[in-house]
Structures are given as structure tokens and as C-alpha cells.
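Okay, structure first, notes after.
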């Protein structure tokens, strides 16, 4: 495992302002090219884990580096550049309500001032990948839940980020569409992209046999290189 | 910053104005109304000021000559008067003219003067206007020292009364303007703040996707500027129309009132209003957005 | 409607004011500032109006008596004068008093009267004030027809000039008030509209959970009323302080100016400002919420 | 099947303003006490089906009665009363952002002017059921995705509605918690409540063996009394 360390967490703890301990002394290293599932019951701390990676949430204590950058001691004006190197799929999608599907996805490219030609090509291609080519003109409120989720996925991957961070990316997708998304993830992972995905989907985790980090009550209870979802239900 | 990005900003502004059209109309309306009020009082105060100036400039010194002074000597005195500091104009009034005016002033009671028969006890005099009311006193003193001058009067108490009024008028006008400027600033920036507030989630999302502060801020600032521009243009147009209509009315009925002529006054007002609108709009946006960028 | 529900509404208002505190402060501020401006001009216009009234009430008819009229007859004439329609007060001025006043008026030139020696050619007269300026002309005509009256004068041209000015002052003041009332209404309701707009999603959710329109509307209307109340109280307090301070200054330096006395004027202004604030706040909320209830 | 007809759809079609045909000629009857799964791929029309039941979306044509009320020709002021007889779990939760968990749930009872005593008891009991007793003071943004979803579920059932309409109620829940929710649904269904649930969760649908209505491209392609999710994936 001499590959580049993409995510490094040491003794990371997060206590929210209201006193809720979301993560407690977490130690994790994730290297380039890994495909990691983050599992755990509702409220275990998966989203908190993920939000720390792109600095929506700052750890209360500990050390956290992402893509070689020290997330905690980073200057404010560097944050956008950290975020650009990541492709984040948010649990609540976070689409811009006043922008169309096309604009929502191209926004991620506007931000890095990509040339227009490249932008059109890239946006159309990810729209094809998530199967929303004919919805490009719709606004988010005109889409079904699963369609919105797929727009969020498209936006996350359009810039070929070095890490894709996905929080429950298939929660509102039917099994067939979910597998389509997993295929995409596997393809970009094979091309060297690191993937961290929080999920509740037992079927997918069990079938993929990748690294699984299980969190319970803010602590890592299991970290297997080729694991399953765990516990029968 | 690439041309591409500037182009994006500009497109962004107009798309946003259209899509948030409800909010855009509300804030353009507020900008227009408050700048209209501001402009109205700016005009009022400037006219009041003009009136005060006008009243002050009408303060004159009457220089009464000794009876023995003849026309030749009077001309010399006129020259001397003109050389005194602050003197603006000097007009000669013969004793006959003075009598005429006196009779006019008496009106009803002019029969009183019949008792004088044909004698005219009034002297020849000069009416002197002075550029600056502060100089009146010293100028009058200098005049009294001239040869052939009996005395120089300038209605001390009336003048002081008048200055008191115009001074208060100015202080009042200035305070009014200051209060209104702050009020306008407050209302416009508050309105813009509310529209930014309504879009705080969008701003956060943009940041999470990796936009820099300025990338988010520019379209907002430009939008604020455009809102301010539109609002202030409406205000300026209404103000121009209203002033012209009012001026006509005043010329018709109160011709003596020293209204400031429409040009270049209206141009000046328009510029002030439009620039304040744009600046307040832009700064209002820039300031309001600040707190929502911290994610 | 159950007591429980009313209780809920009231609690709801205060919770909401606190949780949306940022927006609450913004709208209270806007209400305060715009009502302050409105109140300031309401005060100004009312004082202008008072001034105009004062000027008009100073229009008087001078009734000059024939030389032969003695005090006894004069008293009869006074009675007759008082019976004429529109006459408000009648004051007697002896020929000696008239001479004194005349001398004062002449100022510098009173030496002229030395020529008269001790004779006084002025007649006795009455100064009559009239309730309504429109009645001046007919009243004067009636007076001239009385026995013992030589003539009745009332400075026709001066008066007409004055009326023109006071009329314009009134029209201007009224227009100003109207414009400002609309502007205030517009700005306040616009602000409240923006705060309601920012919460439109909440309103929709409430409806989806089965709330009736009134159940949603009441707390909003009450909140608008409370916002208006708070804002207007601030405005009223500032206005009272400012007027008192200004009145002091005016009494000191411009004692002749007919400023409206602080009481009950300030109470009246406070009531107007507070009630407009509450009403505009409540109606603004009720109107703004309407379109978001349609889900 | 002589039981009361709770939901009756006849030739119902929904075309959105932008021309998207979400439902095309749907005919469905659902009786009191039924437990119906609505399945179909992303964008098939499940949410549209559900939104019509509580009149968020009006059918373009056809006949729709819910709980004996004609949803289409209903007067505006009757709509709140229709909605109160339903317990709706929205795909996007729709919690009131400025209210705490407790207030969000009690709001549904405020609306019907329930007595305070009853309100406290009911809210606490549903909070226990969904396992959020200790989060009652939190605001929605302080909750994890799954916790928010459970608040939405609690709000929907607190008034003992005669129909529970659930749009993807387990999309953000781990399998264990999902089964907990399904247990609750089965219990209230056994007590006579009709349940209509749109879902992507193959495991649940297959295990429950209840009525399954499958929608594809806006049309009903399958309606089985005791079905499974369908199609292997």
C-alpha cells in the first residue's frame, strides 16, 4: 500500500454545539484508488464523517488531511480549492433551486473557469451517464426524487475529481438505477479515483466486496478490506 | 479572471433578475420609492437654500449723503464706495426718487405728507449691496467715514432676524438631508439584505461546490447595482416630471419665488439619485452576502 | 376557535420573532425608519399649516372713523361691527396710538413727521379680524356702509398674495403627506412581503399537514402587527425627543414662530404613528401571505 | 372485498405544465385496511400518484376520490380536512425548519385543535416509536438524514389517520431501522389503517408479500394482491 494517502484521520472527534457527540476518536487512512463503504445505523455519524472531508463541519479535535491538505488549519481562501478536488454527492442533494439541471451541473465547471467547449461536452456526457439527457432544461422542483439525486451525482463527477465522496447516493433510486450508478463508480474507481460512499444498501455492499468501515455511535466498530454490510436483518 | 467568467457573471445577473422576478420587483420598487423621497427633499432643501441666499443677498446698506453734496462729489463717493471690500453693486437714488418710494410705502397714509407742501426733507442716497452678509457691518462703518456721507444704515435688527431664520433653515435642511440619506441607505440596504437572505441556501451550496467568495459575490453585487440602477432611474424620471410640473405651477402663481431653474439642476439631481442608487445597491449586496459566505 | 389555539397563536408569534430574529430586526428597523420619516413630515406639514393659518388670521380690516365721531358713537359702531357675519374680534385704536405705531414703522425717517408739529391728522379706527378670509371682502363693504365710518381698508393685494402662498403651502403639504403615506405603506408592506416570502416553504408545509388558511394566517398577521408595533414605538420615541429638542431651539431663537405646542400634539402624533405601524404591519402580512396559501 | 373504498382512481392522467406525462390513464381501487406497495423505477410516476392523493398535484383528467371525497371537484376550504384524514410521509420530509422535533410533530395536532394533555402524550409516544425521544429539542438541521425521515414518519402517524401515505419512507434508513418502521406500519395496518407506500426497497417488498402496484412510464404494468418487487437485478 505505497499509494498516496488521500484521507488521513487521527484521533478525530466531533462534538456539535448542542453537545451531541457525532464522532469519537476516529482513526482512518484511505489511499489513492480505494473504494470504501461507510456503513452504520441511522445517526451513527456517517454524514458527519463525510462533511468533515469537505469542511462543512470542522473536527473538534484531532488531525485531518484530505488530498495532502490540512483541513483544520487550512486558510479560508484555500477551502474552495480543496472542494474542487472533491466530487461530493450530498445526502440532501443541494441542487440550486433557481437553476436548471444543465446549469446545476455546469456550475461546478464554471467555478473552475473551464472552457465553454469542454463544458458542453462534459455536461452532456454526464447527463447521458445518469440518464437525464432529456431533462436538462428542468428545474429541480420539476424532477422526481431519484432524478434529483442523479443530477447531484452528475454534478459530483463532471470535473473528474480525485476523490468522490457520496452520502447515500442511491437512497432514492430503484435497484436497477442504483446498479447503474455503482457501475459508473466502479469505472471511475478503476481509472484511479478514490471513492468514499456512505450507504444503507446492504445488497450493494454485500455484492461489491470492497473495504467496509462500520460506524456505530460515533466509533469505528469494524474496518475490513473486503467486507459485507454485516448483521443479518 | 477570464472573459468567459465575466460573461457568465453578466448572464447570471439577468437570469437571476428574471427568475427571482418577484423579489426583483419588490426591491426595485423600494429603491425607487425611497430614492424618490430622498430626491424630493434634496430638491426641497436646495430650493430652501436658494431662497435663503436670495433673502440674504437682498440685504442692502443705505448710504445717505449730506445735503451740500453735489452730483460731481457724489460720483467720487460712488467710486470710493465701490472700492470698499465686499461691495457688490452701488445704485444712486435721488431725493425725488426717495420721496416717490416713500409715498408708495405709506399707501393709505400718504395724505400725511401733504402737510410738507412742496419741500422734500429726504437726502440723496446710495443703495449698496454687499457680497457677503458678514461684511455688512465693517463695510457700513467704512462708508460712514467717507467725506460727504451723513450716515450708512442697514436695518441691523431686521437683518439679524433674517440671518437667524436662514441659518435655521440651513441647519434644518442639512439635518433633514442627513437623516433622509441615512434612512434611504438603511431601507435600501435592508431590502437588499432580505433578498440575499432569501437566497442564503443557494450561496452555501455554491460554496460547497467549490466556488470562491468573489465568484459568488460578483453576480450578487452586480445584481444589487442593477436593481439600484433600475430603481433610481424610475425615481429620477418621476422626480424630473414632478419638478417640471411644479415649476410651471410656481411660475404661474408665485412668480417672485426664486425657484432653481430646471437646467442644469435636474441633470444634477438625476446624477446624484442614479449614482446613489447604484452604489447603495452594490454595497448593500456586498455587505449582506458576507455573513452567508462563511461556510 | 379554542382558547388553546389562541394561546398557540400568541406563543407562536413570539417564538417566531425570536427564531427569525435576523429578519425581525430588519423589518422592525425598516418600519421604524419609514414611520420616523413619515412622522417627521407629518409634523412639518402640520406646523406649516399652523403657520399658514396664523398668517391668514392676521389679515385684518382697518375701519377708519370720521373725525366727528365721539367715543359714545364709537361704542355703537363697535356693536354694529360685531354683528357683521364672520367678524371675530374688534379692537379700538385711538388716533394717538395710531400715531405712535406710525412713528415706529417709519424708523429712520420719523424726523419727517417733525414737520407736522403737534397736529395729528390720523383718525380713530377699529382693527377687525375675520374668521374666514373669504368673508373679508363682503364684510368690508358692509362696514363702509355704517354711519360714522369713513372707509374700511384691508390691503387687498397683500392679502391675495398671502392667500396664494398659504394655499400653495397647503396643497404642497397635502401632496407631500399623500406621497409619503403611500411611500411608507409601500416600503413597509414590501419589507413584510419579503419576510413572508423567505418563509413561503414553511407556509406550504403547514398547508400540506392540514392547516386551514386562517390557522396559518393568524400568527403571521399578529407577527406583522407586533413588528409594526415595535417599529412604530421606536419611531414615535425618536420623534417625540426630536420635536421637544427642536421646539426648545425654536423658542430660544425664533420666538415669534407659531410652533404647535408639544401637548397634545405629540400624543396625537404618537397615536397616528403607532396605529399606522400596526395596521400596515398586519395588513401587509395578511396580503403577502395570500399567494403562498394557494397550495 | 365489501370494505369501504378508500382510494378510487378512474382514467386518471397527469400532464405537468412543461408537458411531462407523469401518469397516463391510471385505474386503481384501494379498500380500507389494504397495505399497498407502489413500485417502479426512478421517474416512473410514484410520487405523482401519491401527491394527487392529498391534492398537492391535481389530475389533468379522470376521477379521483379519497376517503369518499372528490379530490378534483373539492372546494378549496375543504382541502385541509381531506389532508387531516391522511398521514403523509413526504419523499423530501418537509419538516418545518424553524421548529424543533417536538413542535414539528405537535404541529399536526395543533392544527386539529387537540387538547394539550392528549397532545403531549401522543407526541411522546410516537417519538418513542421512531426512537427519537432524546432528540425532541433538536431542529431539523441538527438531525441526520435518517432522523429527519423518522420525524416525518412520526408526524404522519401521530393523528391516527385513516390512510397513511408514505413516499419512500425508508430511503435514508438502515435495514434494521427500516424494519422497525415496517413493524409499526404492519401494526397500524392491522388496526384498520390503509397504507399506501411508494418504495424502492426490494428486500422489504419481497418479504412482506402484500399488494404491489408497479408503475412504469406513468402506466400500471402490474397489480398483484401478494407480489414481490419484480425483475431480478
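In this document, chain identifiers A, B, C and D correspond to the written order of the chains, with residue numbering beginning at 1 in each.
To be clear about the criterion, a contact is a pair of C-beta atoms (placed from the backbone, for glycine too) under 8 Å apart; a residue touches a chain by one contact, two chains touch by 3 or more.
Please read all numbers here as calculations on a predicted model, not as lab measurements.
Engineer: Just give me the whole-number Å value for how far the CA centre of subunit C lies from that of subunit D.
Structural biologist: Chain centres of subunit C and subunit D, defined by C-alpha means, are spaced 62 Å apart.
Engineer: Could you tell me the distance, in whole angstrom, between the mean C-alpha positions of subunit A and subunit D?
Structural biologist: Computed from C-alpha means, the inter-chain centre distance equals 29 Å.
Engineer: Let me have the rounded angstrom distance from the C-alpha centre of subunit B over to the C-alpha centre of subunit D, please.
Structural biologist: Once rounded, the distance between the two centres reads 67 Å.
Engineer: Which subunit A residues touch at least two other chains?
Structural biologist: none
Engineer: Which residues does subunit C have that touch at least 2 chains other than itself?
Structural biologist: none
Engineer: Once you draw an edge for every pair of touching chains, what topology comes out, line, ring, star, complete or other?
Structural biologist: Looks like a ring, each chain touching just two neighbours.
Engineer: Pairs of chains that touch, anyone?
Structural biologist: A-B, A-D, B-C, C-D
Engineer: In the complex, go through subunit D and note every residue touching subunit C.
Structural biologist: Residues of subunit D touching subunit C: 54, 56, 77, 79-81, 83-84, 88, 90, 94-98, 107-108, 110-113, 115-116, 155.
Engineer: So in the complex, which bits of subunit A are touching subunit D?
Structural biologist: Residues in contact with subunit D: 16, 18, 20, 39-43, 46-47, 91-92, 137-138, 142-147, 149-150, 167-168, 171-179, 200, 202-203, 229, 231, 233.
Engineer: Can you name the residues of subunit C that touch subunit B in the complex?
Structural biologist: 22-23, 26-27, 29-30, 33-34, 36-37, 40, 62, 102, 108-109, 111-113, 115-116, 119, 121-122, 153, 164-165, 168, 176, 179-180, 183, 186-187, 190-191, 193-195, 197-198, 249-250, 253-254
Engineer: Please name which positions on subunit C make contact with subunit D in the complex.
Structural biologist: 2, 4-5, 8, 16, 19-20, 199, 201-202, 205-213, 215, 295
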